[in-house]
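Next come two complexes built around chain A: one with chain B, the other with chain C.
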Partner chain A sequence: MILYILRRLLSVVFTFIVVSIIIFLMMHAVPGGPFDGNDMPVSPEVRAKLMAQLGLDKPLPEQYFRYMWGVLHLDFGVPFQSPGETVLQLLGRAWVPSLTLGGLGVLIGAPLGILLGMAAALRRNTWIDYLASAFATLGLTIPVFVTSMLLILIFAVWLGWLPASGWGKPEKWILPIIAYATIPMATYARYTRSAMLDVLTRPFVTVLRAKGLSERRILFVHVLRNAALPLVTVFLPMFIGTATGSIFVEAMFRVPGLGAYFVSSIETRDYALEMSLILMITTMFCIAYLLSDLAYALLDPRIRRRR
Partner chain B sequence: MTLLDISDLRVTFPGASGPVQAVRGVRLSLAPGESLGVVGESGSGKSVSCMAALRLLPATAKVEGRLSLCGIDMARASKSDLAQIRGRAAAMIFQDPMSAFDPVFPIGAQIVETIRAHRPGAPARAEARALLARVEIRDPDAAMQAYPHQLSGGMLQRAMIAMALSCQPRLLIADEPTTALDVTVQAQILQLIKDMQAEAGMGLVMITHDLGVIAETVDRVTVLYGGHVMEEAPTADLFDHPAHPYTRALLDSIPGQSPGRQRLSEIPGSSPDPAKLPQGCPFHPRCARAHDRCRAEAPPLTALSPTRATACWSPL
Partner chain C sequence: MTFLRSLAAAALIGTSALTGFSPAVAQETVYAAGDTTTGTYMDYMKTVYARAGNPEITQIPLTSFDKDFQLNALAAESWSQSEDGLTWTFKLRPGLVWSDGTPLKASDYIFALQHAATTGYDFAWYWGYAGGIKNWGPVTEGKADVATLGISAPDDLTIVVNTETPKPYLPGVVSLWYPVPKHVFDKLGDDWSTNVDTLVASGPFMVKEWEKSNNSMVLVKNPTYTGPWQPTVDELVIDPSLGAPEVGLPAFMAGEADFAYLNAGQIPFVEKQFPGQITKNAVFAVSYISFDLESAPFDNVNVRKALAAAINRDELTATVLKDLAIPGKSLLPPGYPGYNEAITSQAVFDPAKAKALLAEAGYPDGKGFPEVEIWYRDQGGYNGAITLPMLQYLQAQFKDILGITMNIKILPMKDWMDGLTGRKNNLFLAPYEYDYIDPSNFYGIFYNGGRHSHHVPAYDELVAKADSSPNWEDRAALYQQAEQVLIDNASMIPVVHPITNAVVSKDLVGEGAGPNKLGFTPLRQLALYFYTHVDKQ
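Now for the complex of A and B:
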């Protein structure tokens, strides 16, 4: 088991390096540079000086190794768009709204989705099932910016119950959290329904009934535990995906989170920030997958033994 | 009081092209301590009848007729009544031990939860271990901790027998308990079931398609075909002089009855599809003795003697 974890950690490092090279090359393949914008025109001399200062005049391999050397020492560089702070400080600041809203969205949406999926599976082919399935399909197919717009329209504009956008007071959190929650909820409703239906048709469920166990025990101890296996694997990656902020949700609700920086770092050729953002998310996804595989092994004795 | 009293049982499943009647008026009965074999090909309704007795069929199945188990009217039993009867008054052993246990719990825990469900306060772990030892599992402590995938089919079937016996049921229903096992293990498991039955004085219903199993384990036999009872007889009588042509054909198709090489006798045609049973006697298309009446009218189950009955217009 320890050997397995070590092997997986090694593959995380490998993934990290491969992704960093690809991103670095793609980033620099995009024409233009950080000081080519029209907003703040700089003279060619100043530009050259700035480029030299930031090391951007060096050959690409050298720039890459300088950056990676910094990363090894937890120095992720300085964001060009906000030179007063380091990339780490900027990320630390921008993380808070994304993690709060996205994280709460998943933590609220996932359990609701599980309940919805269970209800659909247990009342299969009744109106409850159809309603839950319709909701899940809508949740997955309607783009999140449309959901956001509808939420703003209904609750902020028509009903006037909640503020339309912003960050700070908790009542401003409610609408973006709902917007974030729809996708985990819909995903979990679908996963749970099919996982439950799959387990419910297995022969051991009949055996459990024949033993005289209560339906509640069969459902919550045995069926749910077996159905939980696929549900656990999707949780962490989904959490990471949502808690790192959605470009659309943050733009719709004007939340100063990570999502906005994805776009602006690419637009302004803010190389250090762009690299750091993507590497951070890559690492978190790698670790999320590793952790969910370990959780899977913990829940399923058949996998535990094989390794 | 009879342990099992089923009469005029009819089970209908919804099918793609209309309802399918899998069981069409079956009767089965069993006195305490007695053993009954239920024989038939796949689709004969043998498993469905016994599953219906414990109300284990899916909710979509329509079950009609008299269903009495240990004096309890199973057709009217409530959900909590059912949970008390199942496992306690009547326990069941299933065909495929490999898929009969929940894969994510150790065997011991699954026996323990059965004991706790029916007899709270019993020293469940100690009892479970003792049961595993009683069904001749060599290392009961290891088996308690083992997950289903870590044990062989034979071991799992032993564990399932231990689980079924854990609440001292008065009736044990064994649904093809040896079909999924290696031939070498089959005899051991049958012997174990017989021993346990004798030891505990339980009633036993043995569902099987294998007449060899019947010969070794039960006192009486009910032969089913196409959801109908074809014949009822004490085991010895059935083997010595079957009354129904279908029983005769089944006996003839057992290999190795007479010495020397010879062509195996087979029953022409294929086992009946419950969705399209013929008019009249369900066996008539495959019966050499069939005549016009067989094709027109299903023969009723008629007593031949106090212990025997058959459903045939011209019994052997």
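Now for the complex of A and C:
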């Protein structure tokens, strides 16, 4: 097992390097640079001076190795669009709202989705199933900015119960978190329903019932555990996806999170920030899949034995 | 299932308890939309296009315009021009101080421009183009020492500006000349304007809080400010996220914004929901068609005139661009100084004349006319909303009336600009918004090449004379003659003047919130005037 983990960690490092090279090359292959996008671009002389100040006049391989050397020392550079701070400081402040929003969204949405999916599976072809399935389908198909707008109109404009947007006070978190939570809730509801239905029809469930086990025990100890594998596959990557910010939810609710930086760093050719964001996500996804694989082993003894 | 029901009930109860909160809105605070979420430096003299927040209201310019576009003395108490017209002397009003108590000196203004001239200011072109400051070009290109720049401060209250040619409108140009606190800059460099703790203000407001992720700011009255245009509200919350109509309108409806900009789809809804609360603002801009005058088929004046006669501006702005633009029948927008209503009568939609002109050019019913491509630039804001529908309308008009096939191509800003100045195409849709309030601003677009390689000696001669003439009436007459040259030559075709729409809270009162003599409400377009002349009931 330890060897397996070490091997996987090594693959994380490999993936990290490969992604960094690809992203670096793609970033620089896009036409334009950090001082080309203004309404009235700066003069060539001044542009050259500014590029030199940021080391962008050096050959690409040198720029790459300089950057990666910095990364090795946890120095991700200075964001061009916010030069008064380091990339790490920027991530530190902007990630908190995104993490709060995304984290709570998943932590609330996922259990609710599991409950919804379970209810739908246990009451298959009843109104509960139809309602849960309709809810899950709507949650997945309605764009999140539409959900956000509806939430604002109902709870902020018509009912006046909650602020329409903003951040800071906890009451301002509620609507964006609900908007966020709809996606994991809908996803989990669908996954749970199909996984539960698959397990519920297996022979071992009939055997358990024949043995006289209570429905609750069969459900939570045996069925849910066997149905959990596909849910584990979805959970961590989804958690990362939401924790890195949603540009739509954050824009609609004016949340000062990380989402907008994914777009603005590309728009403004903010190479240091763009690289850092991609590398951060890459690392998180690698670790998430590693943890998912370890969770499989914990949940399924057959996988443990194969390793 | 009992367990599931219990859990669902608990979740509902929890949600209900949380929803008991209600937003608190302080009455003395104005909540407003800001400009950009991605700006960096809160210093207009460091960057204009990537500035954070509204340095226009935390620093005091030498002069400024009110909502009727009358020039007002701000930091400068008075100004005078030398007899040869080449030297302007501005006298600062005594007693102005920075928010940290340090006296505001003429040298802070001099330092601001000297620094801008030598460190890649993205608005540097303005001080050469509009200001005509002596040696501005060589200094910005690194060919001359900054000490040779035509600006100086003989004492703490005097600023002297030497220009290359007489600039009778310089007092208007310096409405964008803000000071930089040299005493702070010397310690911190450019970073002084990136941190709420190191910002110092010379204007009516100062920054209290700065949320960097979306550049929203809380501004309060600057207690040390002694100049004109004192703030009338205690606090401003300016959030650029509110600038997007999709975000701003819901926030407005929930009482979290005092005004919100509207897109075309929102206007009918808002007209019903908030009757009488929509304000319009002419942004002093023009969208026009421009040509490479030396490239066929547009080297033929009759071709250009045919296109001009085939445009039905009234229909365009009453249908496709309803509420988003007004007909553009002259280079200058209505209300802009020097605007000549009489000249607009020449911009007539006349399909028969258009056909005849094209036939005269050798292309009867468009036969033999090459397929052409019009280039426009990818842009957000009001231009983004109007450009493509406008071009599609023109495309259909030109096809129907003239039999011309005009393809449409969108380009990134830089590529479009390169194409325009490098003459990589011969047909462009170009937007232009004013930078300073004087006709020379718009006429300069075509002066001596300008941004279009437009070389028409008669035009250049008239504009040069108008630019340096000391008498306003003479200048206005010369500019009108220059515009007649543009029309006769069909050098460009003005199509529309964009307007913006906003819904404004009834609680917002004061001179700044009301319309000007032309019926337009500038709102944050004239930020310093607006925020110092608005109050909340």
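Please note the rule applied: the second predicted complex is superposed on the first by the 302 of 307 C-alpha atoms of A that agree within 3 Å, B and C clash if a C-alpha of one lies under 4 Å from a C-alpha of the other, contacts with A are read in each partner's own complex, and residues count from 1 in each chain.
Throughout what follows, a contact is a pair of C-beta atoms (placed from the backbone, for glycine too) under 8 Å apart; a residue touches a chain by one contact, two chains touch by 3 or more.
These numbers were taken from a predicted model, which means no experiment stands behind them.
Asks: Taking the superposition as given, does A:I17 touch the first partner, chain B, the second, chain C, both, or neither?
Replies: Touch partners of A:I17: none, neither chain B nor chain C.
Asks: I'd like to know which partner A:S214 touches here: chain B for first, chain C for second, both or neither.
Replies: Once the two structures are laid over each other on A, A:S214 reaches chain B alone.
Asks: Which holds for A:P97: it touches chain B only (first), chain C only (second), both, or neither?
Replies: It touches chain C, and chain B stays clear.
Asks: Now for A:H222: first (chain B), second (chain C), both, or neither, which partner does it touch?
Replies: It touches chain B, and chain C stays clear.
Asks: Using the touch definition from the top, say if A:Q81 reaches chain B (first), chain C (second), both or neither.
Replies: second
Asks: In the superposed arrangement, does A:R202 touch chain B (first), chain C (second), both or neither?
Replies: After superposition on chain A, A:R202 lies in contact with chain B alone.
Asks: Name the contact category of A:L60: first (chain B only), second (chain C only), both, or neither.
Replies: neither
Asks: Once the two complexes are aligned on chain A, which partner has more residues of chain A within touching range, chain B or chain C?
Replies: With both complexes superposed on chain A, more residues of chain A are touched by C.
Asks: On the A-aligned overlay, A:R302 touches which partner chain: chain B = first, chain C = second, or both, or neither?
Replies: Touch status of A:R302: first partner only.
Asks: Sort out for me which residues of chain C touch chain A in the complex.
Replies: Contact set of chain C toward chain A: 1, 3-4, 7-8, 11, 18-23, 37-38, 40, 49-50, 119-125, 140-142, 190-191, 194-195, 211-214, 216, 239, 241-242, 244, 246-247, 250-251, 253-254, 256, 412-415, 417.
Asks: Under the definition above, what is the set of chain A residues touching chain C in their complex?
Replies: 31-32, 35-43, 45-47, 49-50, 80-85, 90, 93-94, 97, 112, 115, 118-119, 122, 145, 149, 152-153, 155-157, 160-167, 169-171, 174, 216, 251-252, 254, 256-258, 260-261, 264, 267-268
Asks: Can you list the residues on chain B that touch chain A in the complex?
Replies: Chain B residues touching chain A: 51, 54, 56, 79-80, 82-88, 91-92, 94, 96, 99-106, 113-114, 117-118, 147, 149-150, 160, 163, 167.
Asks: List the residues on chain A that touch chain B in their complex, please.
Replies: Spelled out, the residues of chain A in touch with chain B are 202-204, 206-215, 217, 222, 225-226, 299-302, 305.
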